[in-house]
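All remarks here apply to the structure that follows.
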Amino acid sequence: MTEIDPTTRRRIVDALREQRIETPSWGYGNSGTRFRVFPQPGVPRDPYEKVADAATVHRFTGVTPTVALHIPWDRVDDYAALAGYAAEQGIALGTINANVFQDDDYKLGSVTNPDPAVRRKAIGHLVECIDIMDATGSRDLKLWFSDGTNYPGQDSVRERQDRLADALRQTYDRLTGEQRLLLEYKLFEPAFYMTDVPDWGTAYAHCLDLGERARVVIDTGHHAPGTNIEFIVAFLLRAGKLGGFDFNSRFYADDDLMVGSADPFQLFRIMHEIVLSDALGPRHGVAFMLDQCHNIEPKVQAVIRSVLNVQEATAKALLVDVAALTAAQRSGDVLEANAVLMDAYNTDVRPLLREVRAEMGLDPDPVAAYKRSGHLERVSAERVGGDQAGWGA
Amino acid sequence: MTEIDPTTRRRIVDALREQRIETPSWGYGNSGTRFRVFPQPGVPRDPYEKVADAATVHRFTGVTPTVALHIPWDRVDDYAALAGYAAEQGIALGTINANVFQDDDYKLGSVTNPDPAVRRKAIGHLVECIDIMDATGSRDLKLWFSDGTNYPGQDSVRERQDRLADALRQTYDRLTGEQRLLLEYKLFEPAFYMTDVPDWGTAYAHCLDLGERARVVIDTGHHAPGTNIEFIVAFLLRAGKLGGFDFNSRFYADDDLMVGSADPFQLFRIMHEIVLSDALGPRHGVAFMLDQCHNIEPKVQAVIRSVLNVQEATAKALLVDVAALTAAQRSGDVLEANAVLMDAYNTDVRPLLREVRAEMGLDPDPVAAYKRSGHLERVSAERVGGDQAGWGA
Amino acid sequence: MTEIDPTTRRRIVDALREQRIETPSWGYGNSGTRFRVFPQPGVPRDPYEKVADAATVHRFTGVTPTVALHIPWDRVDDYAALAGYAAEQGIALGTINANVFQDDDYKLGSVTNPDPAVRRKAIGHLVECIDIMDATGSRDLKLWFSDGTNYPGQDSVRERQDRLADALRQTYDRLTGEQRLLLEYKLFEPAFYMTDVPDWGTAYAHCLDLGERARVVIDTGHHAPGTNIEFIVAFLLRAGKLGGFDFNSRFYADDDLMVGSADPFQLFRIMHEIVLSDALGPRHGVAFMLDQCHNIEPKVQAVIRSVLNVQEATAKALLVDVAALTAAQRSGDVLEANAVLMDAYNTDVRPLLREVRAEMGLDPDPVAAYKRSGHLERVSAERVGGDQAGWGA
Amino acid sequence: MTEIDPTTRRRIVDALREQRIETPSWGYGNSGTRFRVFPQPGVPRDPYEKVADAATVHRFTGVTPTVALHIPWDRVDDYAALAGYAAEQGIALGTINANVFQDDDYKLGSVTNPDPAVRRKAIGHLVECIDIMDATGSRDLKLWFSDGTNYPGQDSVRERQDRLADALRQTYDRLTGEQRLLLEYKLFEPAFYMTDVPDWGTAYAHCLDLGERARVVIDTGHHAPGTNIEFIVAFLLRAGKLGGFDFNSRFYADDDLMVGSADPFQLFRIMHEIVLSDALGPRHGVAFMLDQCHNIEPKVQAVIRSVLNVQEATAKALLVDVAALTAAQRSGDVLEANAVLMDAYNTDVRPLLREVRAEMGLDPDPVAAYKRSGHLERVSAERVGGDQAGWGA
């Protein structure tokens, strides 16, 4: 079983203290399936209340200092004011997520729509998002397109790629300074026959064409069954093209469950590749974000739990004895190499994380502390009237 | 290539004339994904207008004389009046579909909910559906439960089975006369970790326990990747437990596309098993129903097209030279047996179906005739104001 | 984090001491893929040497007192002699596995072959296996059929079911005393279009027809992607029809990797259902077997590791605070119920298992002890000449 | 229904006459699964007899003038002599397929093996294959690597990519003149946890790095469930990086069934993308190859049938009314666009292909003609004694 010396322990603790995970504003709002969106008490009614919930998560976990916005769901008149409110709450505004899938115009696509007027409108929205980034100081524009087709023959695969390339180019060229374009891929849903950016290869090819500040985002729920996600992580890190993660869990499709709840071993393997490539820290440009739907469970508590799950996977990844692993790999000792990895995975890292939190001045058990805090009861009482935030589908 | 003698041809034509396909009231309403429901012009605003659309489909196809209802989406004060209206339009009310997935109470399940009060409410709805069947004269109660759990540990798998068995028993015992209970299964969605009736084996086991008038319904979109659906068809037919189909198409999950649009060869293989077991006619108790979502395409035209797709698969299945097939199978001639099947599949049956329609006094090209009829333009003009029907998610 | 009182701890330790896992004779022989079987040094050359390897595993783990045989791979002239040798080595002969997939006659199937002569031959082999059970005192006949078809139309799905039912009936009726028939299912491979027993529903239906001593075996690698295996476990336990497991791991298809190496959380969830139904002990009739292929790793060590993986999953399952779990489930507290389960899963149970082994007079680290023992080096030196055992494909 | 004018018909007939499909030498040899290789009468015993079988297929189909070789399975002392023999038979030697997966050294990989000596040996084999290409005049070196790992941690994902890149570079740099390197990808098998070239994105990225004469090969059976293969075809054509196809069919994994037998509609959609990009003819550099295993069916007849299946899909693709399709796509008429595509698919093209064959001086029904020819009976009588060709696993 893993025995670690004080130096190593210190290194691990420091890495865990410095870890940063961004939470999504929409994760605090209502969500559901096409069958039903079940409302929950205390759900935010506007971007300010979402920011407040994100700040609450940061208060208990200490590692979620930013909140991602979704435009237009989080559109406000004054982004500086929203950023100021966030700062008061102890966090900052993070990644800007474009949304070009909810206008009637987008029924047959946004940037890949056969109608050039619709494409112009969609590109206009992407540019608007960069305007917002200028106002919020956000670094990253995250693009996920619902674009695709439902039936064979519905539209030209190649022409849609041409349109996509054009839209990405116009958007990329609008970026300034340190701003980045993160391109997400997804196998299916809501398009059912063909998605215009269905896999990492497509996203990678477009990012290569765009330039250095274009990178691929991996949503852990967006793959075909059997896909080895950590391979993609390692490949993109090797190529310098991994922009970040949208973390969540899935058993079947894009279930958007709490990260680490469906296959915690997979999450560990992903974080192991991150650690091996020394890409955990913020300076490496990999954005660790949650993208989840808490359809039936209380949202703030679920986000806290998700953050803990990422922390635990990270701690285990940091525990891997890389020297022993490499030695076993080099010598072709299959069972020993696997055993070194599993030894770290099988370690209970919760005591270590409690120490990290104690060092950070946090309650060692953030879920219990949150429940004791009465936050859910308070916002349930306060947030009555108005329209609860949701996807607005 | 298939050469058929006049007697065989007559038998095939007669079978195609007698074929019956039920269309779903909800297929005429708006639908979409969790990301967006795109409204369409001319969509019905109440059950009467849905019935009118179903009758329109029957007018052009001649083989869809019934429409399935979904309660509470199609709840009316006077079912006799609705049935009378349907009769005026030339069709009848068909299968009653229960819906126990849209009340806030059902967030954690309906008939398998841990709360006995919720279970009682859900069972009450199932009984109400049988009351409606008594009023409409419908034979079949079709049950699909969204029940399940999203997270490991969330609820007891076994206890939920006990609750399910109890609810099914209470419902089954309420049936009278020729009424039947059709139980549908589904791998996932909206539950993401565990579905209480995930596969045909579970549905079959419960139907066996219930009794003779309980049968399994196969929704062609509700299986894991790689599932051989025609095997299930053949198995259930052999066991006398196939109650019917919810036809639709899928590439990935429960996409609910037009039947025959994603894998027409699979649809043919399914209909081949039906024909082999002589289960095409209504007297065999297999209900052929559509269950589709026309999210981006015009709905009535899409339903007509779907009906044609089923007819074409059926015609091909009827063309299979069973004597030659059996001879090849018995002699272990793999390539010849496959060739006999493919010969029928590769035949263009559209000329034959045009003849069938001409015999029936229909336009040989129902889609073209529908488009010429100006129906969509008319209802688009008439059906303004009010609330378009939809899933009400 | 899980705190357990001494009484509970004692109960857990006792359960772990009493746990029984059967190892497969063929797991000690060579295996591979259709691309290549890589031979390994020290591989057994006959059933006696396989039994010796199984006994070696038992010597280090203490929980694998039986070895499953595969006929004809393990055919010997004198089964009493083989049983006596096993007893000398400290183990016993266990489940008899029939093999009707390697004769030229079986190209188009064994018990479902269109040729009645081939079917008779196959049934003859099944009966021979029961003769062997009479000689070895084995309780269980485990049946896995490679039967199926590669092409649509190749053979009649229904007639193959009739033939299967007939063969199972003849075999079942030959059983005496406590003997049981365990029927395994598999989605695909080596048949690629249709498998005659593709899923648990098919196996269950046949076992129901056969009678009380017919039960379903779950091979954890034999399912479609996305299948919830623990649901099947719970369902079959509820129905009294779970006969046992063939444990192994898979990422994609029937990979036959070491159990617990691909998705240890799934293995834990399976064992959780076992524990919940109090089906861990031998008196409940669930046979826990390994069925693995160690294509590239040393075999005895891999089997030992696999046994440890099952023990760890079992220990975690025994740690679940069922009272707290049930309370959370009943109250609909999704996050708490999940947390109770995860708390057990996240516990490092290796210290507990070391204590169990110490109590049993075993080395607390069986893998290290095995490596120190020099067993592999010894058999590699001894077992030269002759033909290494393998699948003989 | 599709009505075509004489000019269009002529264009289609000419395209079908000029179509070229390469058959694989190993498709004429024995093959099977890990469970069993069933031998067949008349199977070739050496490369010459395989070439003879390939020539037989060409004699009946007229569109398969080359045969792909697999080294070392088809290693001969004198490749010029083999090429001469092929010429006498009316065909030529085609693509050279490297095989670095059957030596004991390759247990843990070939070009990605942790041992540099093994990597050198593997690269040596790749270079040897180019030597053979120099001798045979073959244009394409097709590389498929079985390399990968079975267990998490077994080896470094990134380092294996480095080794792969190095081996590909050394091989690519050895090419001369018009020679090309075609890189194939595969999701899994025989590696079960991680494959070093698992998807088109990985192959594409490496080919981009290598240079113009490196292209991606699509084996239609090498994808995860739900993958839209025609999207990949269209994407690679757009990027100028589609090198060719290994055609076959699958229901589940890499089943290697006859192309067009599992999902003929998919094959049509693939050929539709080919036709849309005008990539059918040989001058576009897309190699159309079969890569199949006829485990239970007669091999030459199965290859002929496969060729017909590709021809039928091609004919249907050529029938698509592209002008009507484009018009419907541009106007956003989902149902009409789909209908245009389906109209071509639903057409029975077998009469057209019979005319094509008659024009070419061939029997219009190649399967029937082959069966009448007595070829199988003749080679079954002649080819006795010696070792039948096979994979040699």
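When the chains are written out, they are named A, B, C and D in that same order, and each has its own residue count from 1.
In the analysis below, a contact is a pair of C-beta atoms (placed from the backbone, for glycine too) under 8 Å apart; a residue touches a chain by one contact, two chains touch by 3 or more.
Listed by chain with UniProt protein names: A, B, C, D = Rhamnose isomerase.
Values in this document were obtained by computation on a predicted structure and should not be read as measured data.
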Neighbouring chains shared between subunit B (Rhamnose isomerase) and subunit C (Rhamnose isomerase), ordered by label: A, D
Which of B-D and A-B has more C-beta pairs touching across its chains: A-B
Where subunit A (Rhamnose isomerase) and subunit B (Rhamnose isomerase) are represented by their mean Cα positions, the distance between them in whole Å: 38
Residues of subunit A (Rhamnose isomerase) whose C-beta touches two or more other chains: 108, 150-152, 187-188, 193, 225-226, 228, 251-252, 261, 265, 296-297, 334-335, 338-339, 342
Arrangement of touching chains [line / ring / star / complete / other]: complete
Interface residues, subunit D (Rhamnose isomerase) side, partner subunit B (Rhamnose isomerase) - complex: 1, 225-226, 228, 251-252, 261, 263-265, 296-298, 301-302, 305, 312, 334-335, 338-339, 342, 345-348, 350-351, 367
Contact set on subunit D (Rhamnose isomerase) toward subunit C (Rhamnose isomerase) in their complex: 31-39, 101-102, 104, 106-108, 146, 150-152, 187-190, 192-193, 225, 250-253, 255, 257-258, 261-262, 295-297, 391, 393
Partner subunit A (Rhamnose isomerase), residues of subunit D (Rhamnose isomerase) touching it in the complex: 108, 114-115, 150-158, 161-162, 187-188, 193-195, 198-202, 204-205, 208, 223-228, 230-231, 234-235, 237-239, 265, 269, 273, 276-277, 325-326, 328-332, 334-335, 337-342
